[in-house]
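Just so it is clear, A, B, C and D label the chains in written order, and each chain counts residues from 1 on its own.
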Amino acid sequence: MKESTLNKIRSDFPALNQKINGRPLIYFDNAATTLKPEVVTDSIATYYNSINSNVHRGVHFLSQEATDAFENARISIQKFINASHSHEIIFTKGTTESINLIAYSFSKNFIKEGDEIIISVMEHHANIVPWQMVCEEKGAKLKIIPMDDAGNLIIEDFENLITEKTKIVSVSHISNVLGIVNPVKKIIEISHKYNIPVMVDGAQGIVHKKIDVAELDCDFYCFSGHKIYGPMGVGVLYGKEKWLEKMPPYQTGGEMIKNVTFKKTTFNELPFKFEAGTPNVGGVIGLQAALNYLSATGLDIIYDYEEELLKYAIEKLSLIDGLQSYGTASNKSGVISFLLDGIHQYDAGTILDKLGIAVRTGNHCAQPLIDSIGISGTIRASFAMYNTKDEIDKFAEAILTVQEMFG
Amino acid sequence: MKESTLNKIRSDFPALNQKINGRPLIYFDNAATTLKPEVVTDSIATYYNSINSNVHRGVHFLSQEATDAFENARISIQKFINASHSHEIIFTKGTTESINLIAYSFSKNFIKEGDEIIISVMEHHANIVPWQMVCEEKGAKLKIIPMDDAGNLIIEDFENLITEKTKIVSVSHISNVLGIVNPVKKIIEISHKYNIPVMVDGAQGIVHKKIDVAELDCDFYCFSGHKIYGPMGVGVLYGKEKWLEKMPPYQTGGEMIKNVTFKKTTFNELPFKFEAGTPNVGGVIGLQAALNYLSATGLDIIYDYEEELLKYAIEKLSLIDGLQSYGTASNKSGVISFLLDGIHQYDAGTILDKLGIAVRTGNHCAQPLIDSIGISGTIRASFAMYNTKDEIDKFAEAILTVQEMFG
Amino acid sequence: MTIEEIENQLVEEFGLFDDWMDKYNYLIEMGKSLPVIDEKLKTDRYLISGCQSKVWVSAEMKDGKVIFKADSDAIITKGVISLLIRVLSNQTPDDIINANLSFLDKIGLKEHLSPTRSNGLTSMIKQMKLYALAFKAKMSK
Amino acid sequence: MTIEEIENQLVEEFGLFDDWMDKYNYLIEMGKSLPVIDEKLKTDRYLISGCQSKVWVSAEMKDGKVIFKADSDAIITKGVISLLIRVLSNQTPDDIINANLSFLDKIGLKEHLSPTRSNGLTSMIKQMKLYALAFKAKMSK
């Protein structure tokens, strides 16, 4: 990325322009939530301060404008991930809700006692617990794809897990702890051989990779707005029409119905069937602004730069004695996790914070993965397009300071 | 309200400052969603442009700030509705989700085959369909409190509906179609005599009445941020601790768990048990800003003025020939619904829109109520604190124009 | 007349009004003068549902041309319907299928055809084109 | 010494440092010198759970005073624990229950006691006060 582009980007994110404990903020907690470019908050404010209205069914001008803006955002998102139809884009409040929706609605029609669901060992709790609930409710069984020491999912083991009782496979695109990019395309190919649908948890994938759901051929793809420079409280569930059509509604109420009598209620068509209640129009418009910002900046430029940054960070950290990295496989994106010998991650995180560096420590909502490695947590640094090599240099220095303090 | 106060309020809402079809906007669609004072969008922008962070479990400074801001907002809301504990305030994405949550979690532990659920004839679809789903799922029965011609719920009939199988009563505080303020306190008293919990759909109530859940003694109270001058995508479920403690979680994932292994997952305490995934921190902060704005303006001043406005509107409309009002009972707030003889509501709404007046027409997501009156919809005008008598005068004139055009 | 000729005619007619109220008054007139359709066609079978104003539409084939009949309970909707019928009725299936109906934009009534507008008109046009398609398929057998 | 006296002493000690790094170095020293607790107390029974750093706390009654023992797997947390033990251990139940611990604020470590901070210290103080309450109840029987 050209330096001028990087500077331009940095100037678009007001939150970068602050000091923490007297030092310029170095924000390496992007996997938890990214900062927002000013166009996002501007677009939200503009929406509320002008066309602010509830959508659908309103005859008045503002309501029409709001509806058009909302439905245009749906089409933008459809194009951004290359879905076939805009009605395959369902708005939710985030990845967690998207997965809960699928777990509920898919299992209602397709999972019965004795059936099996496959996830991987490196899933976020959001892609574990909803399936555990389904298993408990239905008497189904959860099976786990293991990984090798470098963090690669073991594909042969996966194929062996599949039986005729396997009804769905749900895996993360990119691990939020290790940054490993999982071979989702391979997993989808294998699963489809057995006619098993695959849902991809794209909470981390959406921001670091070009997503083309047609090419991936995944059956479901989920992500959160707030992890791709958009606002909180809005998320997306992409689902193939053929599956969404066959799934019953999840939440019920206004918008998602066609006809209500006390005797019998009939439901609306896609996508509305899955969108009960007043949607988060402001949030959806903010998300659209974020995606537009990315497209305008140039996706390839961003992905290349992020790759460069990650490589640089990995190199830098590899020079530090007493630093143990996790997830060393080569296919990585956006995230590194490590520990310092003899130093608790909480201690390290606290001192890094004092030095103006925001990292996350702990189990990152992926406790089974952390347990399987046999540690109590990691220090996680996760990068975004506005981070710099200079910040990574400072980070490496700060780690040395931490080691000295606890040495 | 003093004119200077009213002018100040109007100047705080940027959306009022626009023309629709060449005329100054008269926004009478407040029951669908209110406009937002600038402090709301400002507070959202400030959050995203500075402390923007994911909450809970983060060691770094910004994450702490975000967590404190988020939990302070919870306490603000607790105080606003006078709940006993801040952990009785659950953040959702809106009223619809709040009701879905209760319907799911309450019924899971407390409703079995043959049990009965009581709602009223004037409920919004959001307070009908989730209960229909529960009834279908569990083999329970939905019973309906009827109303008289003026729109009063018939309390004697309600008491007769109660049996030992009645497990929960769910009614709206204020009807979104008729503006009738239901006798919820009376309904709660009666229900509690039989140890039946009551949930109040406060989507319309929250904005026109001082809500004191302790005094009301309701077991649950729900509302949406966007109908009380706050952002979309955030809502509240208040529940008494004793009920929330006994209800299983609804959505699952991060935040709401204590411990996850592939064998066994244990859940977090209240309120987190019911808040899966990254919450809408920006939305919650925007909602808090809205409530602070109301408190600073003075709740009593606002409620008195809204009453005055409504009375004025009712009087004005009563002078118009060929105008049929619905919900003529005396205890009304914020909303009027009517039809013009021989004129379809859609036609009237279209012309009013051309005249710069935003009203809503149709069944207002309360089809059973509309059916029970024997009409196909109404024209609904709903008021907020920034509306004026002058606007109501213009509205009355506009209605005459409509009558002339279709006469 | 061809579809295009009728469209031009309508654009001209509406060009006479420079204020919206006259335009709507004219539309209302047209709505009122739309031939009333047989009450027995006003059944669920011909109903376009899920809308604020009900719209019924039926079609039959006569001498290679499609004859539409339609109605609505809202008069403005009826007005727009009458325009659509003037343009599309008594045309060949092919011409109907290919019509782009840009005249509504030109006369400032495009808003009524927004797919998000719940007056049933968008669904009605879709339905009219579906009828044309069906007749075309039948003819070519 | 009374709780207040010890608090003042700590405020004085920390007053010597004018930069955060010295303060944290001192805290780390204190953490390291916290008497190691019996490994057999490091069980779930004494664990304050749900936190990033584990905290164990136990208590016993001696001559009308409560003796606390505590530990953590994180050294900064241990440092703060050692301060809390210096202040609260060997005090009467009543004094413990009434302690407001404002010294942490004064020495610039208040952040560690934020209820939203998941280091377990807030829960630990709650637990210490609960122990004190329990002993008090036992005594008054």
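Everything below uses one rule, namely that a contact is a pair of C-beta atoms (placed from the backbone, for glycine too) under 8 Å apart; a residue touches a chain by one contact, two chains touch by 3 or more.
Everything numeric here is computed off the predicted structure, so don't read it as measured data.
Enquirer: Give me the fewest steps it takes to get from chain A to chain D if each step has to go to a chain it touches.
Expert: The fewest touching-chain steps linking chain A to chain D number 1.
Enquirer: Just give me the whole-number Å value for how far the CA centre of chain B lies from that of chain D.
Expert: 46
Enquirer: Centroid of chain C to centroid of chain D, CA atoms only: how many Å?
Expert: Centre-to-centre distance between chain C and chain D: 79 Å.
Enquirer: Between chain A and chain B, what distance separates the C-alpha centroids? Give it in angstrom.
Expert: 31
Enquirer: Residues of chain B that touch two or more other chains: which are they?
Expert: 21, 57, 59, 259, 346, 350, 361-362
Enquirer: Can you list the chain D residues in contact with two or more other chains?
Expert: Residue numbers touching two or more other chains: 52, 118-119.
Enquirer: Name the touching chain pairs, please: which are they?
Expert: Touch list across chains, by label: A-B, A-C, A-D, B-C, B-D.
Enquirer: Which stretch or stretches of chain A touch chain C in the complex?
Expert: Contact set of chain A toward chain C: 55-57, 59, 64, 67-68, 71, 258-259, 268.
Enquirer: What residues on chain A touch chain D, complex-wise?
Expert: 21, 343-347, 350-351, 354, 361-362, 376-377, 405-406
Enquirer: Within their complex, state which residues of chain B touch chain A.
Expert: Listed in rising order, the residues are 14-15, 18, 20-21, 25, 27, 29, 32-33, 35-36, 38, 40-42, 44-45, 48-54, 57-63, 93-97, 99-100, 124-130, 132-133, 142, 144, 224, 226, 231-234, 251-255, 257, 259-262, 265, 276-283, 346, 349-350, 352-353, 357-362, 365, 367-368, 371.
Enquirer: So in the complex, the part of chain C that touches chain A is made up of which residues?
Expert: Chain C reaches chain A through residues 49-50, 52, 111, 114-119.
Enquirer: If we count contacts the way the header does, which residues on chain D are in touch with chain A in the complex?
Expert: Interface residues on chain D, with respect to chain A: 20-21, 24-25, 28, 52-54, 73-77, 118-119.
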